[in-house]
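In the part that follows, the structures are each spelled out as structure tokens.
In the two complexes that follow, chain A is the common piece, with chain B as its partner first and chain C second.
The block that comes next holds the complex of A and B.
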């Protein structure tokens, strides 16, 4: 190492730092794996990998403090360490070409994973046999849809991300003749009929079907077999005053409907939608099992794909390990429901999906090259008799 | 003697291996061999009755033979025949293994029945079944990972008893008591047997009746109960019915001549109609009986002992003998793995059981290569040890049922199984190998005087080389897994426990290499890091499956947890041993060797 030990550049570029960062990454990944039992795979990604620090609560207080570096921090630090080392410490030589390639691929891989974390959109589509759909729904994100259904030929939709529905927030939109005020928002709640609970507290809702219901907030679940049911109480306020407090929940199948100033409206809290420039019709779903067992052998959806511009109008079979890639999205056979009458497709949109392929190819080429060089050098030395065989030493100096 | 020791050992081993490969004839009067090769459909594949008998016994009681009440030892086929055709006798065989004392206490057995016993008969357990069922139902809503040992034991025993009862309904109605063969000629009596046939159709574990055409579709195989009901409505009797009814009567009445002529005739008919199915079943039954992995396990033990002794005495001769025995065990394991691949029509690794076989195989292959470069019996001992350990692990994994299981739809891709799974398993194997070589370095250095400079340096070179190899393979394997995931469910990387486990191995190998390149560790440090690699790999292989979350964790496992903890503790103890100052080691190696 060329710089003296105490020099800050020497610290940033040092192999000791590399090793320390790798060990910290190992600890992070191990802890995250264990915590998956409690948080579920998405919760773990948010807490451990898509974060700069992991925060923990001081027992007995509401105060959070950072306890460990998160994925973004360690990934970023590794990139800095690597890039700095290459500029400062490494001198290119053909004997080290493998290391250069490997490290270049690694930097790309880390950047790609960061981009995926920020850009990737995971949605799903549930289609019944014979049904046509032209949107996918988010697994985790919720939106409030205010739909004007006055016109017989089209609807007008104003969609508001649930993250904006903080209590007390007022939302105004040029297409809406009223403002929306969030009275309460529960990330997960249970709805029951008021008639079934004799001693329920008075309803928060003052208008619509919500007055017949009781919404109780319950803790968020991370169990992959359970769902969260976001629920909100929303007050609609026109120039002349309140129009009433409505209940909206993803648990309600039918959206709340009302009329205001001669126009008809619907109000629904629902999974966030991504509208597609094409439509998908489920023609057939098959689900085979091995005879005499309940081990699934194959799931397959035969769909009809029609693009809005009319260029594509064809039948496609989506089955296990054979997705459809179309329109910047990939559609995978993910599951089924409803006695095999409904297919569940996973829809992934990730503009950076090719980066891991490129980076991994670089790393593999680099490793093969570097270890190949060692191996040939080792056998070359062995063939010359009478000389001691030193351990191969690729230490970059 | 010294001069020819290696040759003698090899010849002896060859003779023994040869003897296991000779098809064993029938020991009694009944032609059990032919019976064992008859095909049935179970668990989604066609397999010989021999496999049914053996896997059932392994699952229920952890061993393949049955001790009858009178001290006789029953072959698996004899036991199976009793279950089918002589159930009141089969109920008295002690074939249910119960390890949990709390589960045992549900059955009100006297101390005379339980002292020193872990296996019990259906008859002994029968009176406690309602209480067992109640306890198991209480445990049902509890998630698998959260169950207590008692709850797990109760649920498992109920599953075993249910399995056994369903087996009894497969070829005859166990509580009917009627003579089906006699009833066949009498439509009135046959119609009265209907409830028994319905029970057989509902509960049968096997579909023993081949399709009437030469159809190759598995769905066309039927249970005996099904064809019996069919013949009630159509009036036509399927030929399988008189066959199994006659077989049952001959077995009960102990008439070997009738029994033998029936199975022979059936074999001839089936062989002409389904030649490939029959060939496959014969080979599988032969494979079951030859037990190549057991033979290879014994050879690994012998090879390991010879290799270790060679460090003290007769290094050249014993070392060569160890290498030869290891090579023979390797060939046998190779043959076994190829036979399994042929039977299954799959790449070598399809489930946890086969991953154990393959990890051992891969590590031994590397050791054969290393031993060629350094003839000092070090690689032989490490290879034999890993080969032995992985086969023991595989044996324990085989206790959960048939190891040639069908692939779930998500995993049903020979291309990815043969690329991703094989590469990543090779990564596991090589990381383990580096760790075991390091253990040999530490144990020989601390405890014996046999670790001299050349041996130490050659070990260091081997560990370093294998870590490079392991880095490459675990990385490529992990990447291929990412590509598979991207191709099949839309994300390259999902932080699934098994993916994380594989990544940990890659990262740990990278740590070892960077420590070595940066001069942060010398020989001893390198060895400690490599031993820790064993812990990382064991976690990735088994620990992640114990979490019970994630896409990869298809149905496994509680019992292995204690084994994992013991293994980790052992590795830490060895690292602790290495931390003893060099001056206190029994082998005096100059410190600071590179």
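The block that comes next holds the complex of A and C.
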């Protein structure tokens, strides 16, 4: 079966397309590497690799237009090219079973990376010695948590992603008896006490502690060692009118507390939380160094894991390269702080974490099988000296 | 030849792109809700506890009918005052180090909250009343906002200055309700008693809460006579802001064996008692925190020494380079309090290492403190 060169199938299955996509991928990686100075590693991943297109703004206007295909586009096109070429060109035969298996592994690897990019959650958990935690916090995502604390036994949380807090946006939720309106949102801001800045303009906030503070917008930082402090002014509007404009900021340690219609509420802008169906208590953190040097030998957290359903109640030691895998998440020893009194665990939730292992196993099995088939065929031919040995055919790829 | 892929393949392709876009686009944009058990560390305030002030530095008698609310990071006390027809007013007790701004700034801030135009200094006298009570001389203001379609808001406020701290008492709510509460409010002010400043003074730890508190400032941070903070360096008092403890990697150090670990304070990275009455506090804040000059002058002020200008900075500071870190060391020997402190810009933030205490204790601890600074290193 062959299609004319201009036929869509001929284009999709062509090796030229493969080469073109690989060249575009190289250009993308090169451009992203250069831009990392401006955007930081996470910003670059989002803009270049975890996107279908890279957009740029037309100078002087608010319009964005695509300038280059992004990672998802190129990866997706490569998968399609690979799969289409495979089905179009190759015919299954046991002699080529290894090649089939290798290609299957390769396709699975690409799909796995795409799924990881879309589904993987990277959080962290900071626990002091003796402290118990039952949630992890996102490194980069921020949420506005509106928490009803009226019930004596539990809290009800409505979590609104910070991306929804665009100025003028009005947010309603069935659990909230009021509407939230974003009056201002600063991706990074510095808070100071109003009493320290007598000349500050009047506060945007009309209720709560925010009235005593001054929020100044500062440029976003892309330095991975620095933190941004998202800050918002939010107006709560009930059926009878405005309940006031509150300040919410990740810089504020404590959430704003207020009462409305006899129910108590808290309002907090904070790192996005992922609550776990189990709790982790840090019993001990050890940070060993090689004797006589400052070179770290081992970091280890001894934790106590208790599941809510009572099935697990045990001690676990998490140390470098030995994560705890539990509840669909992997807990890695990532760092420490506070003069070795706080451990920092990286919590990775990736439903597709097994795909790369499976892919690599398939690729290895495919290669072993294919080379094995060739080897046995070669030995078979050598055992029959009466017949001329044909020249070895190149390995199809 | 008819191509078997064309139609099906294109549909599959569209479907795949659609699913991918959906997964990528919808991700993290949804509002979700969930229920969590109460955090045992965040215990609710019981009725008996709530009746008592949330901080040991201040006492009051809560009037009947005022419902105690949990104190938050900045509130020393919080009440819900209910009136007829479901109307409620909010009553707060807040405390700040320093003088809390001048009277005009306070009045105009509250006027702004009830949507009244600011006034000039000449009109100020007519807006304030004085109230003598057991705790001291309160300045009181009753500000009724202009009525609109939602009624009018009113603030009944008062402040009380101590030498190093100011207390704000504020009731805000519907005009009628607040007016009806005026006598109760005054009675509440009269019931306030403050711990003598020389005996512990402002609250060190907030009861019922294990979280950082604006008023968790260590005693030594509060000078008896706060130095004037230059306007350009107004964020020198950053440590009065309830910032989240700096995240990311932390510096590490080795404290001398005879320094005793102090109980944890969320605002501090480390805390030690040293010798007879001196203390070492380690704190970190994002940004420059006012810069070197403002902080040096703040510490000099706390030790009762004169301010220096940019030119005089070199005279009173010493640079220490150790483990690749560049400290600025200040030695401020005062009459009743001495301070030796080091400021270290690191990793986008500023770290403060401060030895403070009576002059003799500080003098004895200086060599150990300087040796300790040399153990500080990046992880």
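Just so it is clear, the second predicted complex is superposed on the first by the 336 of 397 C-alpha atoms of A that agree within 3 Å, B and C clash if a C-alpha of one lies under 4 Å from a C-alpha of the other, contacts with A are read in each partner's own complex, and residues count from 1 in each chain.
Keep this in mind: contacts are C-beta pairs under 8 Å (C-beta built on N, C-alpha and C of every residue); 3 or more make two chains touch, one makes a residue touch a chain.
Everything numeric in this text was worked out from a predicted model, so none of it was measured.
Undergrad: Which partner does A:281 contact after superposing on A: first (chain B), second (chain C), both, neither?
TA: Neither partner.
Undergrad: Which of the two partners, first being chain B and second being chain C, lies in contact with A:37: first, second, both, or neither?
TA: In the superposed model, A:37 contacts chain B only, not chain C.
Undergrad: Report for A:192: first if it touches chain B alone, second if chain C alone, otherwise both or neither.
TA: second
Undergrad: Determine, for the superposed model, which of the two partners chain B and chain C contacts more residues of chain A.
TA: C
Undergrad: Based on the superposed arrangement, let me know which partner A:175 touches: chain B (first), chain C (second), both, or neither?
TA: second
Undergrad: Now for A:330: first (chain B), second (chain C), both, or neither, which partner does it touch?
TA: So A:330 only meets chain B here.
Undergrad: If we overlay the two complexes on their shared chain A, which of chain B and chain C does A:364 touch? Say first, second, both or neither.
TA: first
Undergrad: Determine, under the contact definition given at the top, whether A:114 touches first (chain B), second (chain C), both, or neither.
TA: Touch partner of A:114: chain C, not chain B.
Undergrad: May I ask you to decide whether A:302 touches chain B, chain C, both, or neither, giving the answer as first, second, both or neither?
TA: It touches nothing on chain B or chain C.
Undergrad: State the interface residues of chain A toward chain B in the complex, per the touch definition above.
TA: The contact residues of chain A facing chain B are 14-16, 18-19, 22-23, 25-26, 29-30, 32-34, 36-37, 40-41, 44-45, 49, 113, 116, 120, 122, 224, 289-293, 295-299, 320-321, 323, 330, 332, 334, 346-348, 350, 353, 356-357, 360, 363-364, 367-368, 371, 374-375, 378, 382, 389-396.
Undergrad: Under the touch definition given earlier, write down the residues of chain B that touch chain A in their complex.
TA: So the residues of chain B touching chain A come out as 41-45, 145, 207, 218-219, 221, 373, 405-406, 408-410, 412-413, 416, 457, 460-461, 464-465, 468-469, 471-472, 475-476, 479, 482-484, 486-497, 500-501, 503-504, 507-508, 510-511, 514-515, 517-520, 536, 539, 544, 547-550, 594.
Undergrad: Report the residues of chain C in contact with chain A in the complex, numbered from low to high.
TA: Listed in rising order, the residues of chain C that touch chain A are 1, 3, 5-6, 9-10, 13, 16-17, 20-21, 23-24, 27-38, 40-41, 44, 69-70, 72-75, 78, 80, 86, 88, 90, 94, 96, 98-102, 105, 108-109, 112-113, 149-150, 166, 172, 211-212, 229, 231, 234-235, 237-238, 240-250, 252-253, 264, 266, 269-270, 286-287, 347-349, 377, 379.
Undergrad: Could you list, by residue number, the parts of chain A that touch chain C in their complex?
TA: Contacts found on chain A: 1, 3, 7-9, 12, 50-52, 72, 76, 80, 84, 88, 114, 117-119, 126, 128, 132, 134, 141, 149, 152-161, 163-164, 171, 173, 175, 190-199, 202-203, 206-207, 209, 211-213, 221, 223, 225-227, 229, 240-242, 250-259, 261, 264, 272, 275, 294, 335-342.
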